Amino acid sequence: MPERPDLDHILREIHETLAPRFGEGAVADYIPQLARVDPRGFGMAVITLDGDTHVVGDADTAFSIQSISKVLMLTLALGKHGEAVWSRVGREPSGSAFNSIVQLEYEHAVPRNPFINAGAIAITDLLLAGHTPREAIGEMMRFVRSLAEDESIAIDQAVARSEQATGDRNRALAYFMHSYGQMRHPVDHVLGVYFHHCAIAISCRQLARVGLFLANNGRDPVTGGSIVSPSRARRINAVMLTCGHYDQSGDFAYRVGLPGKSGVGGGILAIAPGRAAVAVWSPGLNAFGNSLLGSLALEMLARRTGWSVFG
Amino acid sequence: MPERPDLDHILREIHETLAPRFGEGAVADYIPQLARVDPRGFGMAVITLDGDTHVVGDADTAFSIQSISKVLMLTLALGKHGEAVWSRVGREPSGSAFNSIVQLEYEHAVPRNPFINAGAIAITDLLLAGHTPREAIGEMMRFVRSLAEDESIAIDQAVARSEQATGDRNRALAYFMHSYGQMRHPVDHVLGVYFHHCAIAISCRQLARVGLFLANNGRDPVTGGSIVSPSRARRINAVMLTCGHYDQSGDFAYRVGLPGKSGVGGGILAIAPGRAAVAVWSPGLNAFGNSLLGSLALEMLARRTGWSVFG
Amino acid sequence: MPERPDLDHILREIHETLAPRFGEGAVADYIPQLARVDPRGFGMAVITLDGDTHVVGDADTAFSIQSISKVLMLTLALGKHGEAVWSRVGREPSGSAFNSIVQLEYEHAVPRNPFINAGAIAITDLLLAGHTPREAIGEMMRFVRSLAEDESIAIDQAVARSEQATGDRNRALAYFMHSYGQMRHPVDHVLGVYFHHCAIAISCRQLARVGLFLANNGRDPVTGGSIVSPSRARRINAVMLTCGHYDQSGDFAYRVGLPGKSGVGGGILAIAPGRAAVAVWSPGLNAFGNSLLGSLALEMLARRTGWSVFG
Amino acid sequence: MPERPDLDHILREIHETLAPRFGEGAVADYIPQLARVDPRGFGMAVITLDGDTHVVGDADTAFSIQSISKVLMLTLALGKHGEAVWSRVGREPSGSAFNSIVQLEYEHAVPRNPFINAGAIAITDLLLAGHTPREAIGEMMRFVRSLAEDESIAIDQAVARSEQATGDRNRALAYFMHSYGQMRHPVDHVLGVYFHHCAIAISCRQLARVGLFLANNGRDPVTGGSIVSPSRARRINAVMLTCGHYDQSGDFAYRVGLPGKSGVGGGILAIAPGRAAVAVWSPGLNAFGNSLLGSLALEMLARRTGWSVFG
């Protein structure tokens, strides 16, 4: 494998190869705001540890971050509560759909991991400790903007409102955990914050920049600032690899071989430790709720660069 | 982290730190032959890509390979059938115990991955294609001995017989799959081979040697022989990382950060890609059926060497 | 068996036999109002088709009707919507706890029967068709008072408020069904009505009177008024027999042999078709959430009268 | 309702009404011997307590008794072991398919009731106490022939052999229970007996005669002989009502209102306590594995006679 792959060339190749398939997959339509997106959109950004940024396609188009924000929620929660986070959620793959309530009952309202909805709701409950909902949302926005070095990143309020209006499944999860005494704050507060975190609008370029610290042992290689300890960065990557793609996490590890987290907005953040952070966006989803072409793009990137955590 | 950690020193430290706890955990007793082992046994072996072997404790004591053989079964099956293997088993973490039959029913007798019992039984069925049971067992033994460069590795016939005598749960899994038309060979043949594969007696030194090709892109760094393609080596590592420790796989990834596969004989094989293969053995198991001190030893090794696939 | 059992004598015997055990079982404590009840309370009332009323113990003490109201909800819903009710709930025993959410997911938010909480919530949604919550509550109260010929029956507002305050598990069930499009009215409205229906305070004497029409082919034998058709009365009895005691329904059918419905307030309504309606109350519950001594009392009554639907 | 319905007339009406639909439903084809039956066959027999026999259609055609034999197995087991039977199986409806293995795992290999396959296999294990398989089969045949007063009833050996050859799902259930220590005899012995019990060939006329004691408080009204106590007869009827039609038991109770047990051979035995025993046969099954037209015929019979245990 080339030590320094020609990333611009590789991205162009990926874009060309996939272009005939743009629009494949099913755009999430559970809220009107997501359904309104152009299904043929496709963007990709790779930022290497030296800060070089390589992009292709709609890499500057903002899309809805959705579940990718769960990585940031987990990072913030670990910062506030340390390993005590794991008394509230597990860190095992779930073997079921992202919004399943079955396992929650069998396991007494302790979600299997922080990347299924129930788990992220429990994490949000932790982030509210000592905060009003507004403050908790503000903390997240400061974190994202600071990581991206971009103050323009904002919440799409129409998406946030729409999530509120249609979030009954998440309400069921939250009330269920509440009924087991697994929530410290009112369900309305927790979900209000959760929905806002999911409604962040972000581009591939911004998202890759946000994730760069995870590729560099927890330190931002551009600013030099330490975001989390090396050990914590590795551990967040581990959770992404085993749980980042819902019930397709094993398949993503097999085909791509990199820690990654997907969202139903069509984005995926992937981490090549010691090399780069990658963000891809294509709104058509596969049956597991992961970006169809986004996954393929990452598989092609991994094959052509030789980037894999597995050898 | 040190570029070349002092492995002899590290192994001694691990041994000393854990020595007061030797005997902790519950020795598997589902067959008398496993229960008879010395619960205070502990061995560890690290073989780096240059072939240097570092050992501590009972690294030359043979133990029962048990489920670690599932990695070798998968490797052989991929060699015979290629990616068609994945029409017979999935590659997703199971979210349940190693011998659970629940998911098998919900998913119509297609096991979730090749490392739960049902999955390995399905893989064994594949290995019988064109073979008598005796031949299938012989093929595995030639493979193991050749990888280890050690013709002395043998099946513990008392263990194999004992597995046969007590294997009702595995029989239930096999007949269940058979009833769905998911088995090509008689249940007796398949289980006969499966039980023999699980009854291989092997030491830490031998096991680390067996796994070395997985740390070196599929090529044996000592003999130079190619065992599997680089891509396949990565993929086997991926399945080990997401599924190698039953319903504790996420936790192992989080704490150790290396692909690994455990067996109820108390052994664990772990792979540090580009660096080394590691085998550890301590017969006391934790609640998930994984070696209690073996997991801790690997966590200590990973921390002290800085070896992790996640950064 | 005696054609006309001496019911006063039998009730006295039952009371005497059970008196040493008064207080056994666990009083429901999920809301303070229920926990405050005297655990040693015990009452029983039998009303035969000729209107003769036989009572023993605290037969005039009001207790919380709780899930027994589900029989009345079902009766009203069948009156309003006929067999279309069964497009919203099934009529199969659930094989799981009264408040389980697992089966709801496996069966796409269609509750298994109208006597588990999810099913009664779906029924309440039906009862709201064309009504405000206040009207729906009013309709139920008129129905109960008319059946009992007793205008004094009332809702215990403290219990209703307390249910509201602690009803997160029911909220989870309702939002879950809402998320599947299985609810026509706002969750708040539906649960408001549901909680009030469960908070009716009623005595054994009143409850037996309320249920008398079910023992007499749907016709009130005292007033001569037709409440439901004979066929519908039989069918409501059938649902009570197969589903009336949560995951202990089979056991109740086996030991008592009469259709019955229990509530966590400690009451049970049982129907001896062609003979009598029976109400018993004892607040201590068994592990399945059914009145411990109430079940025993009914078993003794059935044995001594020979009343059984099974021969 | 008529005190003495004209059964001959009613049976003719049922036959005429259903004749255009003969052949509907799916004939069980899991063994060739069952698939070979004429799908348009239809027979029905009603025997009242005074011994009057009313038949229509193919009431003297022998069909495979299949799961209806579970009622006889339970009767024999209660005779041998009394209430201790209930330490080996529950008596609750299962909420899942007749051959499901899921609940068996969740409930530690204690089947939910004696009428699902796992439960009947556990019951067969009880029937083997002190017997060889041949003796256990002989005991059942003596019991059936004596109840029917017909020595010609025999096992269809081709069906029995075919069950053996294709019984992998039952083998899975049996080995699963064996692995939990829930079986006292070798799986081969138990299943050998079980398969023979299911392979009894019997006609509607014979089957109604066999079940007559259950309609008459446990006593054969023709011979006057006591088969079981009145209490036990009621209890067997109770289990039939709550568990006799797999996951359609609630629906059968709702529509027919009589205890009944179906078999995949297309037969159903129904009991009208104090009135009659009824057998119907039509080989086409519905999605739950119960005779489609057989259920309808019983619903029509119940409506026209007014027979129902529920009023």
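Note that the chains take the letters A, B, C and D in the order they are written out, and that residue 1 is the start of every chain.
In this section, a contact is a pair of C-beta atoms (placed from the backbone, for glycine too) under 8 Å apart; a residue touches a chain by one contact, two chains touch by 3 or more.
Just so it is clear, the structure is predicted and the values come from calculations on it, not from any experiment.
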item: Chain A to chain D, fewest steps along touching chains; value: 2
item: From chain D, the most remote chain by mean C-alpha position; value: A
item: Rounded Å distance between chain A and chain B, as computed from the means of their C-alpha atoms; value: 32
item: CA centroid of chain B to CA centroid of chain C, Å; value: 55
item: Euclidean distance of C-alpha centroids - chain B vs chain D, Å; value: 48
item: Residue numbers of chain D (touch at least two other chains); value: none
item: Interchain pairs in contact, sorted by label; value: A-B, A-C, B-D, C-D
item: Touch list for chain A against partner chain B, complex; value: 90-96, 103, 112-113, 214-218, 230-231, 233-235, 237-239, 241-243, 247-251, 253-254, 257, 259, 273-274, 303, 308-311
item: Complex contacts: residues of chain C adjacent to chain A; value: 100-102, 104-106, 168-169, 171-176, 178-179, 187
